[in-house]
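Each of the next two complexes has subunit A plus one more chain, namely subunit B in the first and subunit C in the second.
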Partner chain A sequence: MVTITVDGLEITVPRRTRLLQACLDNGIYIPNLCYLEGMDQPPASCRLCLVEIEGRPGPVPSCSLEVEAGMVVHTNTDEVQKLQKMAFRLLVCTNEGQCRMCMANKRCELQRIAKFLHMPLRTKRLRHLPKDLPEVIEDHPCIVYEPNKCVLCGRCVYVCAQQGNDFSLSFANRGFNTVISFFGSQNEGQGDACLDCQACVDICPVGALNLKDDRRRHLRKMAAKAKARG
Partner chain B sequence: MSDRCDHDQEIDLEEQQILAAIEAALPAMPTDRHQLIPLLQHIQGTHGYLPLGGIALVARHLKMAASKVYGVATFYNQFRFNPPGRHPLKVCLGTACHVKGGEIILENFSRRLGIAEGETTKDREYSLERVACVGCCALAPVVMVGEKTESYVTPSKVEGIITEIEIQNEIAERAKEKHEPESDTQ
Partner chain C sequence: MNQNPTPSEQLDRLRQPAKESWHALQDSDVPVIYVGHATCGRAAGSQETIEGFEQALADKGIAAEIRTVGCLGHCYAEPLVIIHYPGFPPLMYQKIGAGEARVLVNSFLQAGEDPCFEYLLGALEPNEMFPTLMDYPRYLYEKRVIMAHCGRIDPENIDHYLALDGYQALAKALEQGGQWVVDEVKAAHLRGRGGAGFPAGIKWEIARHAEKQPKVVICNGDEGDPGAYMDRTLMESNPHQVLEGLAIAALAVGAERAILYIRAEYPLAVRTIQQAIYAAREKKLLGDHILGTDFSLDISIFQGSGAFVCGEETALIQSVEGHRGMPQYRPPYPAVEGLDGLPTVINNVKTLATVPAIISKGSDWFKTIGTEKTPGTAIFSVVGEVEYPGLVEVPMGVSLEHLIYEVCGGIKDGKPFKAVQIGGPSGGCLPESELGTAIDFDSLKQAGAMMGSGGMVVMNADACMVEVARYFVDFTQKESCGKCTFCRIGTRHLLAILEDFTKGVGSDDDLQELKSLSEGIIKGSLCSLGKTAPNPVLTTLKFFPDEYLAHIHEQRCPAMMCRALTAFYIDLEACARGCDACVACCPTEAIFTTSNRKKAIDQEKCVKCGECVYACPPEYDAVRRVSPPGMIPDQGIKPLVETKEEQ
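Presenting the complex of A and B:
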């Protein structure tokens, strides 16, 4: 076991625990999108879980760092918050930001982080740059993908590979046009396997991946609501 | 209409032949995962492009998920998924051409031909691409039509380039028609 200090609180966790996991387990929330428990090598790509550690020159991503005895960690210094807010701005400036119509409304990780950082979901400091991608991609027999909601955290790619399926999700294209691709899953047989698994849909933090049936039901509900409102 | 269908069938047949050729060539290739990019390069080198059906074949050969192969192939700019047209149009978007409105020229071509950048028209006549710099910045904006360089391209010139190709096609066709009866009699 290792004892570390986080924001003045002493916590004891097993050796080789990731710092982010240690904090989350002890009720200290650090915003994060791309990390999942049990990851061998967290991608550390969302850059939201930065923390400051005494004795280190700059903030470090806590998801890829293992705890060390006597570590003194600060999760809410000005510099950390500044970096987290900037990373968040960069994420949401390409995002659709139409929460009311979204299926993930109220259980969206972006909303949670926004609340935590006291940030709006539509940032004014950066120009809003919607991606030039189709609104929905319906290649897959039972899953719909909405690239404009996707934050490319890669959780779905990870869990899909974890299932050990012959087929797995992956990133496709490059840069601004990056999407999650279902290539090779268009055949009907795959639909059943995915319907049984749904790991990617369950893990998506922002509601970019949904089951086709669920989405259809949701759209019908929204249309009925809009009609009732006049 | 039936003419069009014949055309489509011909293209389907061609693609099937390419896929069959890839399938026949694969067993002789290494099955190591690290050979993925050389393998894709080999296919593109032989056939001019990577047919999407070929990606599934490569994936099976290397025992990888097809989506992973697709992810790698779409990441690199060098891979194309549409066959080159008979008249490849390369719109330069280097710094000078960009400043002089190369983007507008690309948009003009794409609207005129009804295809996006990286695609090929249905009749395989034109393919549209963007290139970084063709090395004649003084003539910006520049478009390469096959081997020919078109300089100072304007939206009206876009129309002119396409019309010129169409006229030349027509001349070639007429010459062929004139020729054919003769060859029949011989």
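Presenting the complex of A and C:
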């Protein structure tokens, strides 16, 4: 076991635990999107779980660090908050922030992080900048993908690989237009296999991946609600 | 013989015939024509040059040998030819096409009389008849360690390299052992030439002492910077030097496997290296039991498919493993846990190409070149508005001013210097006031630029710094792997703001946001691509704030480069009656004839391509460019009304 200090609180965790996991296990929340428990090598891509550690220069991603005895960690310094808020603003600016219409409303990780950081879900400081892609991508037999909602955390790619699926859910394109893509999704029988699994849909923190049927039902419900409101 | 021959003795046996054939070529009875035939030469037309020589020689029935060599680094003079005519010193000629080749054959090779001074660049050896290349500042100030043999030897002939003491360092390293090599490279303080400047010896030591086995060494030839071609030239012009360095690195680390990661856009480099590997394997210089020792090295090529980010070492490893090239969080560093989880040393082509010289001549010799903190030489591909663009190798520590003005001949056409962009797409732009900066890792970083892998773009007063920043951010944004938030989305916002500025849209708030985003991206990004991407923005903001303000507040582009903020008009005073050179070149038919039979531009139709500026004969030079567009003077232009006769 190793004892570390986080924001003045001493916690004791097993050796080789990831710092982020150690904090989460002890009730200290650090915003995160791309990390999943049990990951061998966390991608460290969302850049939200930054913390400052005494004796190290600059903020570091807590998901990628293993705890070390005597570590003194600060999760809420000005520097950390500044970067977290900037990363959050960048993540929400591709979407209009129409939470009310979204299937992930009230269970969305971004909403949780917004609350934690005291940030609005629609940023005023940065322009709204949708990706240069269709609003909805429907080339998979049973799953729809909404690129502008997607935060590219890669959780779906990770769980799909964990399921041992023989086709690959992977990243495609470059730069700002990077998306996740279902290669080989047109193969016969793939639709059924995905319908059985749904791991990617379940793990998506922001509701960017949904079953086609569910989404259709949801849209109908929304339309009915809107009609009822007049 | 009761004792096995040492590696040096083995090598001597190989070298004997190599030296003989090399000397036979040097003392040949017939003229020998060396044609620079690397990618740069080929692009300039060296294939036609060779054919021109062949045909002219056949027509005249002259016996001569044509040898293809690599690149000397003089891009401005391609296609470059060296002719060694018995009785003359080797003479270097510039810009030799098929026609010039015929002239050379007719007047020089046929009779040995007129050596065609009009094409002559200089002689390679001191003599009484010709100016030598050492009379040129370019040669005087260059210090060639890495590129010593580039352009002089046939890259496809291993004997040429062997004859010039090639593989001697490998033999020495095999005799002295891996630890000695590590100590020597550490003592030489060789810093990685890929950009980060991490000491190669320390990297090797970490990997050497790593527990996991086996170990891997990778040569990083994924050169992706726009306008940079040092690695390509080295691989194409002297592949064995790179291979020797790689083999020495493998010996030092204790690796059994070596990979050359070369981008697929360099087909000639891939082919040259492949051919060199075969040749070296045949002579037992690579492969199993190198030079009769127990050391074996399996060496292979991996072709990268054109992702800029794969030059980053963790992304490169991902790519070799068959994944999408996305950088990983470090630590663990590749030297501890890299390719397939094995300790992996990744070195740049230039770093490895420096190693043989250090091993054979010693670390003390190496430290006499360059600065105390960064010994050795730096290779830059200097492009842009300099008189003599090309590859230059200078000792570390010389100033930028020296490099641009002395070595590369200063700014083209005597125009004023504006800025130099150093270190590839994520390097910084330095103004005239920073020209005293010494070229080494630390000084350049302090000035806001970086060494990078050695790209250098020189700009004159015609370059708009806002547009330059936009251009480079556009590049890095497109080449971002899309993994981390700051790089993927942050750089896109930088680009959006800069695009607005070049159109004259923007506010002081945007300028502030540009700064804070840049700083955030540097601090928050995962890999060096993101961490350095805002450099062009921050340095131009620091050194050229007035240009930004002119764009935002006055909708004016001081360099008159941004299309939305400039306009073209024809000065009727200067325009010649009856000339219509500009009319023919205009792609949108925007130029019309005025009532006094001169020309004017219809601003509605003009797309501001600037073709008319070049088309207008220099004696008139009547096309003017203004910024902002509203500055066009009222010249009382009326279109020409058709006269009665014509009707």
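We adopt the following convention: the second predicted complex is superposed on the first by the 228 of 230 C-alpha atoms of A that agree within 3 Å, B and C clash if a C-alpha of one lies under 4 Å from a C-alpha of the other, contacts with A are read in each partner's own complex, and residues count from 1 in each chain.
Please note the rule applied: contacts are C-beta pairs under 8 Å (C-beta built on N, C-alpha and C of every residue); 3 or more make two chains touch, one makes a residue touch a chain.
Quick caveat: nothing in here was measured; it's all calculated off a predicted structure.
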For A:21, decide between first (touching subunit B), second (touching subunit C), both and neither. neither
Once the structures are superposed on A, label A:210 by its partner contacts, choosing first (subunit B), second (subunit C), both or neither. neither
Touching A:173, do we find subunit B (first), subunit C (second), both, or neither? both
Is A:181 in contact with subunit B, with subunit C, with both, or with neither (first, second, both, neither)? first
Is subunit A touched at more residues by subunit B or by subunit C? C
Just to be sure I read the superposition right, which of the two partners does A:190 touch: subunit B = first, subunit C = second, or both, or neither? neither
By the touch definition at the top of the document, which applies to A:127: first (subunit B), second (subunit C), both, or neither? second
Contacts of A:75 with subunit B and subunit C, given as first, second, both or neither: neither
A:62 in the overlay: touching subunit B, subunit C, both, or neither? Say first, second, both or neither. neither
Identify the partner contact of A:32: answer first if only subunit B is touched, second if only subunit C is, both if each is, neither if none is. neither
After overlaying the two complexes on chain A, where does the subunit B footprint on subunit A coincide with the subunit C footprint? 170-171, 173-174
Which residues of subunit A touch subunit B in their complex? 165-174, 181-185
Spell out the part of subunit C that touches subunit A in their complex, as residue ranges. 307, 324, 326, 328-329, 477-486, 488-493, 496, 513, 516-517, 520, 523-526
Touch list for subunit A against partner subunit C, complex: 41-48, 50, 58-59, 61, 64, 79, 82-83, 86-87, 90-91, 93-94, 125-127, 129, 151-152, 154, 170-171, 173-178
Contacting residues of subunit B [partner subunit A, same complex]: 55-56, 59, 65-71, 74-75, 77
